[in-house]
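Think of it as A, B, C, D and E in the order they're written, each chain with its own count starting at 1.
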Amino acid sequence: MTRKSLLEPDARTRRRGAAEKRFRAYGAIAIAIGLGFLVVLLTTIIVNGRGAFQQTYLSVPVYLDPAKLDKTGNRDPQEIAKVSTFGYTPLINEALLSQVQSLNIDTPLDSASDMKALVSPSAAALLRDRVIANPQLIGDTVTFNLLAASRVDGYLKGRVARADVTRDKNIDAPHLDIVDALREAGLAQKGFNSAFITGADASESRPEQAGMGVAILGSLAMMAVVLILSLPIGVAASIYLEEFAPRNRWTDLIEVNISNLAAVPSIVFGILGLAAFIQFAHLPQSAPLVGGLVLTLMTLPTIIISTRASLKSVPPSIRDAALGVGASKMQAVFHHVLPLAMPGILTGTIIGIAQALGETAPLLLIGMVGYIATNYPDGIQSAFLDPNSAMPAQIFEWAKRADPAYYERAWGGIIILLLVLLAVNLIAILLRRRFERRW
Amino acid sequence: MSLTVLALILIALGMTAYVSGRARALASAGGDSRALHSLPRYYGAHAAMLALVPAVGILALWLVAQPLVLSGAVSGMLPESNDSGLMLSDVRRVADGLDAVVSKRVVTADEARALEADGTLRALLAGVGAPLASDVSAPVLAAAQEWRRLDARGDLIMAAVALIAALAGLAIAWRRTDKNMRARNRVESGVRMLLIAAASIAVLTTIGIILSLVFTTIEFFRIYPASEFFFGTTWSPSFGGGSELGVLPLLWGTLYISVIALLVAVPIGLFSAIYLSEYASPRVRGIVKPLLEVLAGIPTIVYGLFALLTVGPLLLSVFGRDGLGWMQAGTAVMTAGLVMGIMLIPFVSSLSDDIMGGVPQALRDGSYGLGATKSETIRQVVLPAALPGIVGAVLLAASRAIGETMIVVLGAGAAAKLGLNPFDAMTTVTAKIVSQLTGDADFASPEALVAFALGMTLFVITLGLNVIALWIVRRYREQYE
Amino acid sequence: MDPMQDMRNDTHKMSAKGVDVWYGDTHAIKDVSVELEDRCVTAFIGPSGCGKSTFLRCLNRMNDTIEICRVEGDIHLDGQDIYDRRVDPVQLRARVGMVFQKPNPFPKSIYDNVAYGPRIHGMARTRADLDSLVEQSLRQAALWDEVKDRLAAPGTGLSGGQQQRLCIARAVATQPEVLLMDEPCSALDPIATAQVEELIANLTEDFCVAIVTHSMQQAARVSQKTAFFHLGNLVEYGSTDQIFTNPTDKRTESYITGRIG
Amino acid sequence: MDPMQDMRNDTHKMSAKGVDVWYGDTHAIKDVSVELEDRCVTAFIGPSGCGKSTFLRCLNRMNDTIEICRVEGDIHLDGQDIYDRRVDPVQLRARVGMVFQKPNPFPKSIYDNVAYGPRIHGMARTRADLDSLVEQSLRQAALWDEVKDRLAAPGTGLSGGQQQRLCIARAVATQPEVLLMDEPCSALDPIATAQVEELIANLTEDFCVAIVTHSMQQAARVSQKTAFFHLGNLVEYGSTDQIFTNPTDKRTESYITGRIG
Amino acid sequence: RDNVQVAGSSTVLPYASIVAEAFGENFDYPTPVVESGGSSAGLKRFCEGVGANTIDIANASRAMREREVAACAENGVTEIIEVRIGYDGIVFASQLDGPAFTAFTPGDWYGALAPKVMVDGALADNTRTMWSEVNADLPEVEIAAFIPGTKHGTREVFEEKVLLQGCEDTGAMQAMMDGGMDEDAAHDACISVRTDGRSVDIDGDYTETLARIGSNPEGVGVFGLAFYENNTDTLKVATMNGVEPTTESISSGEYPVSRPLFFYIKKAHIGVIPGLKEFAEFFVADEVAGPDGPLANYGLVSDPELAETQATVAEEKTMQGGM
């Protein structure tokens, strides 16, 4: 026979080698496509949302006029509290006007009420809170770091162009001149917007004040419920179905049910949650506990299906080995099969959590969408039972709001959501890596 | 005794049972754990199980049953009327309000019992945050007082019964425990019951879904003809009435979009899984896999916006009027399908990767040893061995595709259409469930109720598909084995 | 009924009567009756595929795990029917240990492989107890010297013969009354084989051992009784001496004289 | 360079020079040099865990699949370095076939198990060709009679020895030039063993066979050359006659005389 | 429960949230919770009954329907206070760089979107593709209208005040009735839109419409006044009957397309849920809902009859049919 050279692959081997390369390339291309989309998505998110992490502040010395804030003059906190935020707004406007005048900025704006376009409506509340906390400040001139209005903030971030403001009834070109001058004077400064991460939701008219903090807590509370319930229940159900269940009608029914539940639209889980948890069990509206329960039901099929798939793939010789030394079936499963199936279980958990963390539709029905995440919970119980929103609901809400500044916040919120998702899943990802092994 | 205290006592009893059961078993074996039938901890668990399970079960049943029994008991005290259900809930509200009044120490318990049905009662209850729709009538108050009396007595009996059950369980465990008792078997059958219970939650959920949909669905069919709903080919709700609510275009849209999504997700996901599990180094895999999983974690609204702002215009520039001319607008079946497919990639890739990782190396070696290339090994040995799991992953992805909403709303448009062109706008059942449920139609109108009928229809259809899928898988498996 | 009463006064540790086994429609074991005596080694020999493993797996109900497998007939351990509904197969398997034909170590460390049985049966009270039990079992299986420095390494990273001995050590560690060994020495070199045979001889002082082997020499060396299977039938069963020197059945004779191994 | 020039005119089919193998930090093979001659059976013997399988797996680069395994030294097939970067291990393995120590049938039908290799190498042009190739291979592995009625049944449902023969049939079906067999008869009864040995003898007419065995008798019967391994070292290599009758190394002698198997 | 709970219309949500926020800042009560989800869904929950586990206020971008009042009563919600907070202007706008629509009339919209229109005095299939074919004063661009989907209350307003009006103005309604249709059928025909893709339903929010306009220079979309005023940097508003939509022109009734916004209070909860009445009064107070208040500032067209509304709230006057 002729001796073939190893170094010179024959035609068939070459063809097979090419097929092999192609096959491998398909894999690489598939991953590249996936990662490519991820990059595009993440870039979009980051480019759009970056701005939310910066915020402009104006530093303004405000004269806290006793004539307006404490008409009786006896610094009685009860009396002072009667002055509403509407009483503080003029003080701020006056202060801004005098600052503009003292800086000799050339501007056609000469009335105090023209200045309200510069600062956030939240400024008045800030002043009022400070004054009520320290009544003796009245009569002094105190320098406050006030949130700039969203248009001003947008101007400094490049989101609002000069050409645009001509038709904007909220702000005019002269305002921008003032902002330029203030910036030159160092009185308008951009800084890291930590309030965006820690703050509460704000109303439509104050995008500059809005933050995700409360919604993050709401989401975390829900995820706690989901993890505590859906992981054990899901794994337990899978173990029963895969390892113990006799093959009969009842288990068939369960099996079909589970795959069917995976196809039930999330909004239907919302309908169920509303009926079962709120109307029947009388749990409170808008509570993260209820949200968590609904999301648990929604993630269960995902976890069960993936867990069953990986239980199935554990070779039977492992079970034999355990049974052979006198382990019970239960012990064989919990000691040997389950650890080997762990990667798949964790993957199911990771995907399930990801899905649950990003889901909005069912929250719509149990009242977690809207203007809700405004009060920090005061304690564990309140974190689960008091009305709260969730991150995706908050993002969904912001994305709808009219002011384009909210659009930026919505994207910024997505960045936070993804970071939280990564943090929540990090343990699972690391654990999975530990459990992955070939045999 | 409040429920919390009762629960704490029960937990304490459970722990006592564990410790004593374990100790008694060891004592019966003369301190030598090897002489026991099972490990000592099983005896402890067995005792705790006996002490807690019946008690907790009684507690749970009692908590559900008591209000029903009480309703029956007091309903006789109420005047005959056609809205007795409403009255009964009034009774409960008054009773709860009185409880609140007492617990907030506005009045003493004795005073509360002596209250009269006059105008002050409503204000009194309002003071503790218990709103009433109207003033309290005498029969309602009487019934409420009776309710409170029975309720208090019921609570007391419940606590007593639960505690007795726990103690009895403890005693039985104590008596039974000795070194020959099959503690492990007993505990394991307990655990098995737990597993069954967990599996049954799926059925309960299904029942819950059906219950929460079925009544409104029936209501819908009462005001809208079922034949038009199931066989109508037009979907055009309108506020003024005269809506046409044919489900066919929606079902078609659901199917079409899901199929396109799967055509994207399954090949990409499967090839990614193959690459990750068979070609990639552990380091690459450790990074890429979680990265791909981020795709499943991006909120669907982002995908929706992505479809609307990026993919739609992109497709339009190729297939639109300036290109091939097949596409009218950016929103289309194709747009939504593509984007949904991207979202589903990790559903296929991650799970399949885990499952292929579970295929024993010896099988791969066997194939390599015959001179197979890696790709041949994967296609002919690894994939078939992993097939059951991969099918599960694909079914999961398909299920998600059917249930997805946001991407469809933003990517596929809101128009319900029956057509073949994948570049036309269409919409799905789920999208319409959301829009009709949160829409502005008044809530007893067919336009709002149709959401429930849609939910029910989709539920039944997917159930049918799953039954068929199970049947096919079974047949296939039988042939294979 | 007092189980003690049920025990007959013979030395049969296990007895099988009229056992039939089907895999689906395949009739793998046909009406086999055998007694395993206590303190005695019984060898099962016969051509490949004749049903030796299947029969062995009946003796500790490992066949329960194969869905398509159906067992009929009576099998008794100490006079008690092991297929009785009241019998816990788990407890049975703790008493009737098994070494499988294909080595199947757990994907865990070598130590944990051996310690698994003792742990779930609560056989060691202290960590030191367990350590010494593991060491003793590994020594009995003639593996200790090779692995003593890497007890924490995975059991799946051992050579074929090492894995086989690991599985023997694992089975021995639970100290079963009956030990079923399915070709325990197939992957072992002569020295290791001798050590395992010594182990078997030692075990017989207290226990009952059944061993499947293809080596006539081994059967002759270690066993007191031999059963010859052919195509699912038990062709001949008797003392090893008699079977090897004076077989009554022609098939036995031709199988033994065709000896090569 | 003409590859033909590169080939030396000796009869060495394969040659290994100074081969070292590490599993992580474990030095499993230490500076081993061996030549496998064409049309000749070489037996590898040695105690369990000494590195026989490891060395065998070097010869067709199966060790490539073990991540922690590192191979050094030169191994040549027909004078060509098989660890050359230009060598496609796939082509190599088609020419150097392997039967593994643990039977590992694919979870496919018996037929597909055997047809797998011929299919990927395009060895049969028609279905009938393939059928006859499968039959012939199964016959060579002495399995045909037992499975001819259930070729469509899964290979994993066979008995241990049947699985082993199935794996032999699978390897033979691809008609490799060199066949590496890692204890091919460990689970086989004497008759089947004889048939496999006959197969080996037949194969030697054209091919080169390397076989790992624990049975000295088998080594003596089937092989012309024998290599004795000990603790990763090649202690002695020479003609089987010489090794068995007149070993030069004391370790060899003690291993062989301690013979039992 | 110690906070006020509000749910309902997403159109009212911005205003309710502005008020809730200011309320939380100025009062010692916790900030009310305002959920969105749609007028209908909000009213449904509102009508589930009285009690701490039901909401106190429902927002609606339309008046409560009789069927809903009845359903409420069935569940014991009998005393409902209706509060009208102002008007929502509905505007038409196109891309800032796009064509200017300065001559819209309801008739033009009908002529562009209806499946059958009047051509030379007779009904004919609508084959128009350009706005200029509808009305020579309109720019010569393709018809691409993004109108609210059938889930939105705005759609109803659009149908009634634009399409139906246009139908009547152009004489199409008369022609249909002459052609043998009864009034109901003609009404339905008047408010239907063509299905060839020239008119696109938007089930999402105004942000989606904005995105559609953003990627289609010739598109015209329907927006709320408040939304438009916040996005003047990208949108160009169209006039209707020659009137540009502003808070002034809408409140004077000059600009024809607008709708009232409401919220509904459960009287049974007043005095029980702390801060409920204070919140309602604060909502309609002059400094909040008045023409210079933050709501108007944001885009609400304030109600010229605000004083009456304030009185309604102060006196807790329930709707007709209430006790």
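Just so it is clear, contacts are C-beta pairs under 8 Å (C-beta built on N, C-alpha and C of every residue); 3 or more make two chains touch, one makes a residue touch a chain.
In this text, all values refer to a predicted model and were calculated from it rather than measured experimentally.
Novice: Mind listing the chains that sit against chain C and also against chain E?
Specialist: Shared contacts of chain C and chain E: A, B.
Novice: In contact with chain A and with chain D at once: which chains are those? Just list them.
Specialist: Common neighbours, chain A/chain D: B, C.
Novice: Measuring from CA centroids, which chain ends up nearest the centre of the complete protein set?
Specialist: B
Novice: Taking each chain's centre as the mean of its CA atoms, which one is farthest from the centre of chain B?
Specialist: The chain farthest from chain B, judged by C-alpha centres, is D.
Novice: Using Cα averages as centroids, what's the distance between chain B and chain E in whole Å?
Specialist: Result: the chain centres lie 36 Å from each other.
Novice: Could you grab the centroid distance between chain D and chain E? Build each centroid from C-alpha atoms only and quote it in angstrom.
Specialist: From the centre of chain D to the centre of chain E is 83 Å.
Novice: Just how far, in Å, is the C-alpha centre of chain C from the one of chain B?
Specialist: 48
Novice: Measuring centre to centre with CA averages, how many angstrom lie between chain A and chain E?
Specialist: 30
Novice: What are the residue numbers in chain E that touch two or more other chains?
Specialist: 1, 37, 41
Novice: If a residue has to touch 2 or more other chains to count, which residues of chain D qualify?
Specialist: Residues 90-92, 94-95, 102, 120-121 of chain D each touch two or more of the other chains.
Novice: Give the residues of chain B touching no fewer than two other chains, as numbers and ranges.
Specialist: 184-185, 305, 360-361, 373, 376, 437-438, 481
Novice: Using the touch rule from the top of the page, what pairs of chains touch, sorted by label?
Specialist: All chain pairs meeting the touch criterion are A-B, A-C, A-D, A-E, B-C, B-D, B-E, C-D.
Novice: Give the list of chain D residues in touch with chain C in this complex.
Specialist: The touching residues are 23, 45-49, 53-54, 101-103, 146, 157-162, 165, 182-183, 186-194, 197, 214-218, 221, 255, 258-261.
Novice: What does chain C use to touch chain A in their complex?
Specialist: Chain C residues touching chain A: 60, 62, 65, 90-91, 93-95, 97-100, 102, 104-107, 116-117, 120-121, 156, 167, 170-171, 173-174, 176.
Novice: Under the stated contact criterion, what part of chain B meets chain E in this complex?
Specialist: Going through chain B, the ones touching chain E are 83, 86, 89-90, 93, 123, 126, 129-134, 236-240, 242, 305, 308-309, 312-313, 328-331, 409-410, 413-415, 425, 427, 431, 435-445, 447-448.
Novice: Residue numbers of chain E touching chain B in their complex, please.
Specialist: 1-2, 9, 37-41, 43-44, 49-52, 61-62, 65, 67-68, 71, 74-79, 149-153, 155-156, 159, 184, 187-188, 191-192, 195, 197, 200-204, 208, 211-212, 214-216, 266, 268-269, 271-274, 323
Novice: Within the complex, which stretch of chain B touches chain A?
Specialist: Counting only chain B, the residues touching chain A are 184-185, 188, 191-192, 194-196, 198-203, 205-206, 208-209, 211-213, 267-272, 274-276, 278-279, 286, 288, 290-303, 305-306, 310, 342, 345-347, 349-351, 353-355, 357-361, 373-376, 378-379, 386, 388-390, 392-393, 395-396, 398-400, 402-406, 429-430, 433-434, 437-438, 452, 455, 458-459, 462-463, 465-467, 469-470.
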